[in-house]
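What follows is one structure encoded as structure tokens, with my remarks underneath.
Letters A, B, C and D name the chains as they come in the text, with residue numbers starting at 1 for each one.
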Amino acid sequence: MADANGAGRGHRRNERMKFASDNWAGASSRVREAIITASEGFATAYGLDATTAALVDRLGQLFEREVAVFLVPTGTAANALSLGALCPPYGSVLAHEEAHVIGDEFGAPEFFTQGARLVGIAGISGKLTPDAVAATLQRLAASGPRTAVPATLSITQATECGTVYGPAEVAALASLAKGAGLAVHMDGARFANAVAALGCTPAETTWRAGVDILSFGGSKNGALMAEAVVVFDKARADGVDWRRRRGGHVLSKARLISSQFTALVTDGHWLELAGHANAMAARLAAGLAAAGHRIPWPTQANEVFPILPRSVVARLKAAGADFYEWPSASLAPSDQPAADEMMVRLVASFATTPAEVERFLEIAG
Amino acid sequence: MADANGAGRGHRRNERMKFASDNWAGASSRVREAIITASEGFATAYGLDATTAALVDRLGQLFEREVAVFLVPTGTAANALSLGALCPPYGSVLAHEEAHVIGDEFGAPEFFTQGARLVGIAGISGKLTPDAVAATLQRLAASGPRTAVPATLSITQATECGTVYGPAEVAALASLAKGAGLAVHMDGARFANAVAALGCTPAETTWRAGVDILSFGGSKNGALMAEAVVVFDKARADGVDWRRRRGGHVLSKARLISSQFTALVTDGHWLELAGHANAMAARLAAGLAAAGHRIPWPTQANEVFPILPRSVVARLKAAGADFYEWPSASLAPSDQPAADEMMVRLVASFATTPAEVERFLEIAG
Amino acid sequence: MADANGAGRGHRRNERMKFASDNWAGASSRVREAIITASEGFATAYGLDATTAALVDRLGQLFEREVAVFLVPTGTAANALSLGALCPPYGSVLAHEEAHVIGDEFGAPEFFTQGARLVGIAGISGKLTPDAVAATLQRLAASGPRTAVPATLSITQATECGTVYGPAEVAALASLAKGAGLAVHMDGARFANAVAALGCTPAETTWRAGVDILSFGGSKNGALMAEAVVVFDKARADGVDWRRRRGGHVLSKARLISSQFTALVTDGHWLELAGHANAMAARLAAGLAAAGHRIPWPTQANEVFPILPRSVVARLKAAGADFYEWPSASLAPSDQPAADEMMVRLVASFATTPAEVERFLEIAG
Amino acid sequence: MADANGAGRGHRRNERMKFASDNWAGASSRVREAIITASEGFATAYGLDATTAALVDRLGQLFEREVAVFLVPTGTAANALSLGALCPPYGSVLAHEEAHVIGDEFGAPEFFTQGARLVGIAGISGKLTPDAVAATLQRLAASGPRTAVPATLSITQATECGTVYGPAEVAALASLAKGAGLAVHMDGARFANAVAALGCTPAETTWRAGVDILSFGGSKNGALMAEAVVVFDKARADGVDWRRRRGGHVLSKARLISSQFTALVTDGHWLELAGHANAMAARLAAGLAAAGHRIPWPTQANEVFPILPRSVVARLKAAGADFYEWPSASLAPSDQPAADEMMVRLVASFATTPAEVERFLEIAG
């Protein structure tokens, strides 16, 4: 991580301002070293190597229970395999309407479930509420057995809006889902940011709260490629296993993933990286708020969603800042941007430097 | 690559003898360096980065024509996506009965084609012949439109038996297939070994011979993970593209694959690595033949399939050699192993050392 | 059709009141005779018989153009095969949120499209409007190529609310869809009722208005089983054909369907039956309105959706009337039933008698 | 059934000779009457009518146990739904290489299993033997978990060659299958002919012998459309149910099928019809044998497979006889037709008359 100490204004003028996505960043130095070490010598193929076996043990310790672990190359694969194992072809998956599984995965959930239906649920700040889930369940129950049967609830942690569910919130949603016969999936592409923000244990916000399968992401948190399907309900493991094979997601040299994941979960590296990203986002949020910009929901993880005047956006872009405009569907009507405003998304990563944050704030200010 | 010079008998006694598979080997030093370089700094996600774009250009030069390239994490994904784009759900894929797509990919071809049928064709030494393909086409044509319509021919180059098709052989098969309305896929998990063995250009044994899509493998040839679907028939590219997205095979940090592939195809590194593996296999074959062991078909790439007395196999295993017994379905009846014999597969890789070859021969001798 | 002449109050007291669904009625006498005639003697199997060939010609005349016709046993099969041929696996089908394909077909569209997504669009009285479709297209376009690509518009004619699109309304929707690259499907489970109501030709409300494939239903209109996929865009016919085979929808004795369909389309029998059903519904609507009951949208085909006091509903049920309560999602907020009211659906069929209508009105009055 | 008494040579000269297929015949008079009766009046839709409920009870009595019954419109649907419920997507279905599910159903089994693999097994006279099944299981087991896992054995009763398995033969195959973890399906498109030939109870050759699901066909035996999936292993019923819905195979007016099936199983009508067809085939076989024609395997049901001189075939065709040439793959090498011979298939049905048999024999003689 760069040191901004003593970086004068002149220095900052040349700072990159990379806030487009945390998957634009590279790998942490520990992850890089782990890849190199792992790439030497011979190892049994297809995940039967020692590095992978040790990682599974390590994740069992992290989650304080036995888990089945399936390493995969992408977060989309992790989600789609999980949903395939949890939702039958005639079922439906309930998720927030802005969830990645609905809006960004090009039908991978439909492909791996063999045609299940995704049902989007609205919710302020990217979060599902028990009331909204219950209302959806009631509406779908009215169709009786004539159409897609609700089978799975997918919770995104941290959400697409950079907010975080507390363990009690996860438990409330999972309890409601379980009571209606649904299985529970957690999309944890930014699980590290959530855990770092909550200060809870990984167990508390997953299986102890009722989650059956977790998509545990590392690629947005300092790895080049490190995604795992972590199965708490062992009866579901086979359903992930065979879909992973049929999906072509079994790496011949699995140590490429397991070495990266091992580096992340060793000595709390994953939480250190995520904590840094969260802190950078918090600094961004604080600075923008201090400058009078609206931020419609709390910045709880590594993403900030300010509403900025279009003139400020233009000034930032001109200065070379990378970030995206963001749809404002998760905003309450009263919070919508005015005509000369725009909601944008700023994503901090393990590689974000205080200097680039300061430069951004200076220009936005 | 290890230097066996001066390695005395004592030294060799401790040599590993790793002939189980070329995907047990790690990464070449150039590939490792490429990963490290690529893992620094920011890059646009999902394959829109500069490294990936440059690789596509580079592969166009290698194949002497414009190509569409889709990087994927596994050879199974490359094959399944290719077949999905070439074979409709109601179609059938013809391939050698020992082809990887039939025997080792756990239904991935069926999954990505949405239910096409795989039709195995027998053939000595792992090779399809025009006669055998023609006979199969004739048999299937007799069923008329009542069952799976032949739609794709898949040729494995080098074959599962370590043999290689000359460009004229590929052209004869492809011409027959095209004449019957079939598309042509080449499974090139060991394409480098084939090209190194043939001394031809990559173009000569692919699109110039009638191949529509190539699964171009690097993971068995010194990369940790480097597979590409190379599409020559541009009309087929979209069919690969959307299946890759739905399959969850679009890496967010594509540079992880493209950097490795770039290292391979720069300055002929891929052919140097494959040539070394081929040479090690040739040395093994020559030594075993000199010791009086039968090798029922020519060793043309990096795999040797000797028929060994069971006592010799036991001696080698006791000394720590890694290799697999191999089914002998591709043997002519007159070549089948006797009761006290066994056919085995020895795979050499970029990392195979002359010393381990010598030690193996000494023990087998 | 029963004659209510002279049916006194005493007689009507025993009248059935069958308004649950038009698919509870049996077959018209002409259809029954056609089945009997067709069930004698030998005929080539799998639709290659003379009855089926003649029907295809007959439908060509009816639609004033060459058509490809695929007979199937259910309306769900007709819809699902049509959507399969019109929408790729990565695509989405836009339809009214109360459309049968979304709410009542248990995932058949997802199954035959191999995982496409259904997108429901709200609309008063069960009808899609160009504005609502345009808004949905705009919203989906914003996701770019990250999720299900809009590929097909499905229009239900007559709608689930018993309303009917005029040819100009169909043309406006189809033109909008075509302009955005979507194909157009019409679910005509009650196509006869729509054509009878409109007094237009079948061509005017289908291909001349831009429809590519029609699900043409006869089972709700006096046949026991008569559904046809009528393909106007011949390039789409193959896509229906192979899905029909794979779906197990090719009857060995196709004359069972073709004989019924032939009876319907001979001498305008289909419009006579549908016209009667429409007239019965109109009489119901007029009588209910005269009695002061609200009917929130016009009764244009054979279904009436009155909002009745719960006390009236109870009285009707007690008297033996068959009908269903109906969800009121298609109602404008200002039209919603009060707490002591309920919206119900009354379906008239070819077999509905004036006597049962009168008895219903008398009790409801 | 026609009466040939007194039919002189002159009369027979004009006899049809319809031996192409039993699905070219129409409906028996009892079946016709049943359709007419059932087509009157109102009945609850989607199989919840009284006729259907009574049929399920009736089939329970016929099979001497509780069964789950799913009526479907085609034999292909019955087979595909059964296999879908018995074989996972990653599994394989073992069947005789000439089985209808492999050679004639256009991929319906692959579609409803979502991509399972069909494995054909050779066998004289269309029959599977325990030895051949065991050898196939052994070969597939050798691939371990790398490819399609054997999951289901499908037995055709009567076979495609008109032979029949005795209850002990079915039990031997089923026991072998069960021992290896496979479920057992019986394709009974001509189940009536088998039971009539065996003189056993329906239970003896199905669930008592180890069959889990039976495709029970009536369409080839005097019905226009009557196929049922009969599930003995109740745990499998749900898997048929939801696939039937998604497949679009739930008729709105189910009484159309249930009335026909009821007519068949009432007072032994089904066995009477099948017995007649079997007797006509036996008469054909006896006559051809007496005339010196080879019939390579026993005529046990309603199909005869003589090897005829091509000159005789030509004479029969010229006289208007309908029948098909048949592939001779199920013949032992020593039984293959000579160059001037041809194997043909003659199918008798409920509607075959003694007169047409005699005329055929006269011309063939």
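Here is the rule we go by: a contact is a pair of C-beta atoms (placed from the backbone, for glycine too) under 8 Å apart; a residue touches a chain by one contact, two chains touch by 3 or more.
Treat the numbers as computed from the prediction; the structure is a model and nothing was measured.
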Which of B-D and A-B has more C-beta contact pairs: A-B
Distance-maximising chain from chain D - centres being C-alpha averages: A
Chain A-chain D separation of Cα centroids, rounded to whole Å: 54
For chain B paired with chain D, centre-to-centre distance based on mean C-alpha positions, whole Å: 44
Between chain B and chain A, distance of the C-alpha-averaged centres to the nearest whole Å: 36
Of all residues in chain A, the ones touching two or more other chains: 89-90, 105-107, 110-111, 114-115, 145, 242, 245-246
Chain C-facing residues of chain D, complex: 16, 18, 20-21, 23-27, 31-32, 35-36, 38-45, 72-81, 105-108, 110-112, 219-220, 224-225, 242, 245-253, 255-256, 351
Of chain C, residues touching chain B in the complex: 88-90, 114-115, 145, 242, 245-246
Contacting residues of chain B [partner chain D, same complex]: 89-90, 102-107, 110-111, 113-118, 142-143, 145-148, 327
